[in-house]
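For clarity, chains are labelled A, B, C, D and E in written order, and residue numbers in each chain start from 1.
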Amino acid sequence: MTQGNPPSGKKKKRKLRFFKRQTKPGAMPGSVVVDPQAPPSVITVIAYGPDRVVEERIKDVAAVRQYLDRWPVTWINVDGLGDAEVIHKLGEMFHLHQLALEDVVNVHQRAKVEGYGDHLFIVARMVSWSDRLETEQVSFFLGRNYVLTFQESVAGDSFEPVRERLRTDRGRIRQVGADYLAYSLIDSVIDAYFPVLERCGEALDQLEDEVIEGGNRGVVGRVHEIKHDLLTLRRAIWPHREALHELSRDPHPCIADGTRIFLRDCYDHTVQLIDLAETYRELGSDLRDLYMSSVSNRMNEVMKLLTVISSIFIPLNFIAGIYGMNFDPSASPLNMPELRWFYGYPFALSLMATVATTLLVLFYRSGWLRRDR
Amino acid sequence: MTQGNPPSGKKKKRKLRFFKRQTKPGAMPGSVVVDPQAPPSVITVIAYGPDRVVEERIKDVAAVRQYLDRWPVTWINVDGLGDAEVIHKLGEMFHLHQLALEDVVNVHQRAKVEGYGDHLFIVARMVSWSDRLETEQVSFFLGRNYVLTFQESVAGDSFEPVRERLRTDRGRIRQVGADYLAYSLIDSVIDAYFPVLERCGEALDQLEDEVIEGGNRGVVGRVHEIKHDLLTLRRAIWPHREALHELSRDPHPCIADGTRIFLRDCYDHTVQLIDLAETYRELGSDLRDLYMSSVSNRMNEVMKLLTVISSIFIPLNFIAGIYGMNFDPSASPLNMPELRWFYGYPFALSLMATVATTLLVLFYRSGWLRRDR
Amino acid sequence: MTQGNPPSGKKKKRKLRFFKRQTKPGAMPGSVVVDPQAPPSVITVIAYGPDRVVEERIKDVAAVRQYLDRWPVTWINVDGLGDAEVIHKLGEMFHLHQLALEDVVNVHQRAKVEGYGDHLFIVARMVSWSDRLETEQVSFFLGRNYVLTFQESVAGDSFEPVRERLRTDRGRIRQVGADYLAYSLIDSVIDAYFPVLERCGEALDQLEDEVIEGGNRGVVGRVHEIKHDLLTLRRAIWPHREALHELSRDPHPCIADGTRIFLRDCYDHTVQLIDLAETYRELGSDLRDLYMSSVSNRMNEVMKLLTVISSIFIPLNFIAGIYGMNFDPSASPLNMPELRWFYGYPFALSLMATVATTLLVLFYRSGWLRRDR
Amino acid sequence: MTQGNPPSGKKKKRKLRFFKRQTKPGAMPGSVVVDPQAPPSVITVIAYGPDRVVEERIKDVAAVRQYLDRWPVTWINVDGLGDAEVIHKLGEMFHLHQLALEDVVNVHQRAKVEGYGDHLFIVARMVSWSDRLETEQVSFFLGRNYVLTFQESVAGDSFEPVRERLRTDRGRIRQVGADYLAYSLIDSVIDAYFPVLERCGEALDQLEDEVIEGGNRGVVGRVHEIKHDLLTLRRAIWPHREALHELSRDPHPCIADGTRIFLRDCYDHTVQLIDLAETYRELGSDLRDLYMSSVSNRMNEVMKLLTVISSIFIPLNFIAGIYGMNFDPSASPLNMPELRWFYGYPFALSLMATVATTLLVLFYRSGWLRRDR
Amino acid sequence: MTQGNPPSGKKKKRKLRFFKRQTKPGAMPGSVVVDPQAPPSVITVIAYGPDRVVEERIKDVAAVRQYLDRWPVTWINVDGLGDAEVIHKLGEMFHLHQLALEDVVNVHQRAKVEGYGDHLFIVARMVSWSDRLETEQVSFFLGRNYVLTFQESVAGDSFEPVRERLRTDRGRIRQVGADYLAYSLIDSVIDAYFPVLERCGEALDQLEDEVIEGGNRGVVGRVHEIKHDLLTLRRAIWPHREALHELSRDPHPCIADGTRIFLRDCYDHTVQLIDLAETYRELGSDLRDLYMSSVSNRMNEVMKLLTVISSIFIPLNFIAGIYGMNFDPSASPLNMPELRWFYGYPFALSLMATVATTLLVLFYRSGWLRRDR
């Protein structure tokens, strides 16, 4: 489900590694090697026509064929990529290319579209936020009368609203073909980016408030984390743009012209998402600069306080040091006659007061004591 | 009217969130869900021909049809998007696409142009400055003999000069068709960016003066704010460029060739605005660098003062400390004989003066006391 | 003449505002509103053929027509844009488009080329340096047998060498048509950028020397100023490139093929200017980094001096402080017996000397006292 | 094998020099000058058909011809470029262009594809990590029934899995032509970048943990090293993209259409690699900023500690200094009467305590003593 | 020969000015104004055919014609641009365009290619390193049977290896036409960039070592110098790329198809050079960051040492100060009874030792004394 899912018992942390290839370098192209830690595959079928809808969990891949024969549109959804046999059998049933199947199990693909004669292969990346940012690859095969989807995890997905619409026959979804179903699913994947990006925006918003109100030193770390997430998001969204552009523009027998206008709308959303992610990243950088300059300013204040205190007391201490010397007055009338003056002590104290006042006035005049300098 | 309009009673602040989608992720595409907090819709109709003009506020959407039938050009303006029924009825009357209507109520769209058979759908973003930067989405539908505009807020807009020209028949606006009206409205939206950008330029101007005259530590915060506004502006203007390029270049039955030359002029303005926003952002960065380097310089000055004062007085204090020791002169003639010298005290004082003078000369020679170093 | 010409009596300063639109936002497109502060228009006509040339200052716009009829090429130059009537009459005489005339008086246009049937409209930006960087818009209308130029100011321009060539019949300028004249004028505008950029380069050169020889704290301010000027220059030059590319490439009846090769040369110059401005801006940034790192280094030196002096004298002062305590030797033989030792004072002094020497050796060994560390 | 392979006995270090041209500037184009330090050439031939495979190390170049005649596909692999004669003879046998042969021995080429009539010349860069990042040039000549590869080093390469597949007849590799072999080899070169990039990602991951947990000052150096490696990797990968794009798109008689789809997959991998390298470089920069800001914060903490301690003790020392002065009480009743007060000493001590407490409270109130400020 | 050749007697320094135009702004286009300080022109002719070669220095330009008539290929090389007459006569003889001749003497051109009917005009920039980076413009005119080259200086050039090849008939250079000669000359110009860039790489390499081994404060200056040189180099190389792309792609009667493949190779080299210059500039920036962070770290160390020493000794000094006060023990038993304790002095000393040890332990525990923090 996630990239770099940490083994339980280890502390949860963000991971820089964006992927972990299953296929070894130099391995035979098109070899489908499942991740031994991947959850076992669960197959769900939703088949529907304008009037009826059926939703079933099946065990045997062969059972899929009867849905394909009887229903206008069949959606086969596979959760979990741990079962190589299931993937192979589906590959054979739908005549899928080996390279496409390899991409299904190597869950680090960039979003892309590839046309293979009678079907389209689409890779997208689903995003979710539970405690931290997580992404999951979803692979789509779109044929004349079916949509076949593979998800990494068996946990929840962004497709629930689409299922709900299929069940309740809201909108025109049951009236139209498999291409509209595929669009609806892709659209729900893209839409799920908005709340995640909004969360980043809100976090930056809050950090900006904190910095302006005085800051605290965890700020840079948190900005770093958000920028990291934004980088991951941008990296995930970016290729969708090209893929959707291709889908909405290049003619393919599996996609009706009426659906293209919806895909164009979806493409507009990816442009907006990329735009937003870029803007937030720039804001993050601006925020870090703002924070760093407030740190610099505070250090300046600290240094000024130290300098003012030192500069005032060091001369006073020097005067006290002078009159603490033990020159013998009896040896010479020149030896510290002040010590025996009648007003000697008041003289020394007022000398100190004069020096301190003079320095304070000087500092004040040069603007050092003003906080806002 | 604004993005993230804060509830009254809460302190007014800038918001990083650029939008808040009304449609839930995965919702049915083309569903028009109005924001419950949006102001109720107010419909105003201005219908005109070369000789006459009529301007009316109407309650019933059906009343629009009679204007369309009788007048050469009708402009229906809807202020406030709180009334789903109004939007639906207008959509039906003008055969507007569901996706376009969804974009009308989701007021976070990027500027864009979409052609739908007999009408054009244009989204623009209006900018205003009242205490802080605010943007508002305006949606245009341009048909053969009508312009239909939707604005987020019921408050003032940039269209007043156009209304004035329609009323007084200045220029050729009443002689020409609906496309020229649409151009005039878009032009007034674009033109409204100039004073807002100018305000940013003036603010930067003033901050530059302050930094050069000595700076004050709010500078970085204010530069940050201006850069934030410029980012918002650039993000708002940028897509207008592409949209206007498309409008002025791609042929569409709703736009006469004579109007294209005006749209090209409008496109030139967006290029100029983007250019300006970029330039100001660069100036903002340069200004922050200038400020940070002046902070660094001031810290250097502070450190130098501390160092000079410490370096001069620490040796003096040391001499005073020496002669403050209590070695017993009676125990040995070697024990601090200076204390009983006839010129002991003057000797100590002049030793101090010599040390201080030497250090001052050294500092002066090495250029430390010069301010401009 | 300048952007943001400051009223006399106010201190002269650089302005960030690059322009001040005369036309109000939302105003009627194509409305020619002259700046009330613009100088009154002065019209000069130079008409010439291969054999003769005539140069006259005229008062009445109508007088222009007779030159057009009698001479192969007529150049009408208007200095100062304060006279709306002159501009309108010329617009009528030459059938100029309202939008073009609006651009003539809104002197903040980017350089551009616009073809209008039988004439070309070209906007360029003239640069000059008198005490500070100033730019001025020049608008050209190029027809079959005339060139009409509008300049913002009545003061000197870059066209004098072209006038001189016309008068003395140097080169082939009088043998060829109006298009070659227009080229010569544009070329003189572009050429005038070179000395201004060279001045920036020399200033950077000098600042680099200063920084390397020890720097002074005005450096960052001056680098900032130069970068500001370079930004203005780049912003002014950039659109010329596109405009000249268009001029030299797109066929237009007003431009002969023989002139295109000259325009291509002129285009090469703009590429060179942009290249140069970019390079200088990069050099400016590098220079600021160099300066900032030298500030950092100096602060490091200051801190090291403070630390060395403090670290050496603080322990010495501590020893002096010890022997300055007043423990009563008569109360116990343990109470500061050193004070009554025969070699007590020399012991204390040599203890201090030992400590100081040890510390100095330690600092020296660890490389702190070396300047070049 | 490596760029800048250091002579043994010298300490191993990274090298900035990416290459060392063998050909002298201005030398005759197409001259094949072998590096005198290059290892001697070792020729291995693998020839195969659907049913059989033979693998042999040969001494005489002429022996190659018999394989070409008898086997469907022959792969001639040359390890080590030290033998000019071998290269020349192969060049003659396969009619290779002089410029291509020059590129084979000048092992600093960017990846590229060049079509020469009946064969293709492909340059790729193999990457490996043994203690440090190393790259090696591999040159491919792809003809109708042969693949000729030149490797810089005689040590191991990324081709072993391909050899294994040829030997064991896994996949369809022995069924198809030389173009598929070339693809398999290039694919194994590209695939080898993934683990190296993953290693960089893991190193950044670990450094991020260290910085967040408190940092240590080797961080910047190590980030610098990783960024350096990423720069090298990006520089190596980048041109592969263009080359593979060309290979998968431009028709060439040596490449069957069926192989193009595999090359497109390979191209996708290069896009992904570039994307990853860019992302990691950005993360490296973010990490350095994070570290630098933590250094700034720590310096701030240090300065605050110094300031707090100094600010508290300097006034106390001053009080002690006052009462350490030797004014003669017998000379005047004004001379330090406190010294003879009954509660003189407790008064002085409590004065000090009061001052210290007051300062501590002030510091606490202004938030200075809080760590997280 | 160099840009900004400094007058002897003045200290040699790098110059920011990249050029100094000879032509005054606004001067007649195509006017050939020689630099009065340019060295006098020296004309050398090398004429050759497959069998013979002749090399002569000539005085009279007219003598060139007989070579053109008698030899298959003639290369006329002009060193030094001080002789306007020579340039004019050659211009007339070969029918060269005035604008091209102007570019020959204005030795600040960007590399470019311009086709003029029966000949090609090519500008390139030769680079050399003698004590510092120097560049020199070389202009080529390539006709059917001649190459005419103009060099700024009379000193050595990069063409010697080509001359040597002509003399000794190595390679096929004497068998082929003037286009191959032109290619060989351009190739030798491009090749000369490699050692200069390598020198920059080595310098960065060495600086990196220095920074890692402890740095020295000249580093930033030297990085700045190298980045400056790299900027100059990149600026010089960049336009060659476009020019060579044009040469190798656009058909021109003067260039045979067989030569194009060589020009494509030459183009590859410019791409590699640009790539390298960019990489080195990035490395320079990374290096400066590395250095600046090591400066920051060192300053942190300095501050920590100061803070540790101050924090330990200030309390000790305070204790010594306390017992240095002169409260009169005879006035009250409360006045500093410690002074008369039997163990008073040891008590004070051990109090100090306790305080110092406690502080040291605290510092050690908080990790301050560890160097690598």
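A few comments on the model shown:
Criterion: contacts are C-beta pairs under 8 Å (C-beta built on N, C-alpha and C of every residue); 3 or more make two chains touch, one makes a residue touch a chain.
As the structure is a prediction and not an experimental result, all values here were calculated from the model.
Each step here moves to a touching chain, and the least such steps from subunit A to subunit E number 2.
Inter-chain spacing, taken between the CA centroids of subunit A and subunit D, is 25 Å. We define each chain's centre as the mean of its Cα atoms; on that basis subunit B and subunit D are separated by 41 Å. Contact with two or more other chains is made by residues 296, 299, 303, 306, 310, 314, 317, 321, 324-326, 336 of subunit A.
Chain contact topology: the protein chains form a single closed ring, every chain touching exactly two others.
Listing every chain once round the ring, from subunit B with subunit C next, yields B, C, E, D, A. By the touch rule above, subunit C contacts subunit E in their complex via residues 158-162, 165, 170-171, 173, 183-184, 187-188, 191-192, 194-195, 198, 201-202, 204-205, 208-209, 212, 261-262, 264-265, 268, 271-272, 275-276, 279-280, 282-283, 286-287, 289-290, 293-294, 296-297, 299-300, 303-304, 306-307, 310-311, 314-315, 317-318, 321-322, 324-328, 331-332, 334-336, 367, 372-373.
On the side of subunit C, the complex with subunit B involves touching residues 13, 15-18, 20-21, 23-31, 97, 99, 108-110, 112, 114, 214-218, 220-221, 224, 227-228, 231, 235, 288, 291-292, 295-296, 298-299, 302-303, 305-306, 309-310, 313-314, 316-317, 320-321, 323-326, 329, 336, 338-346, 348-349.
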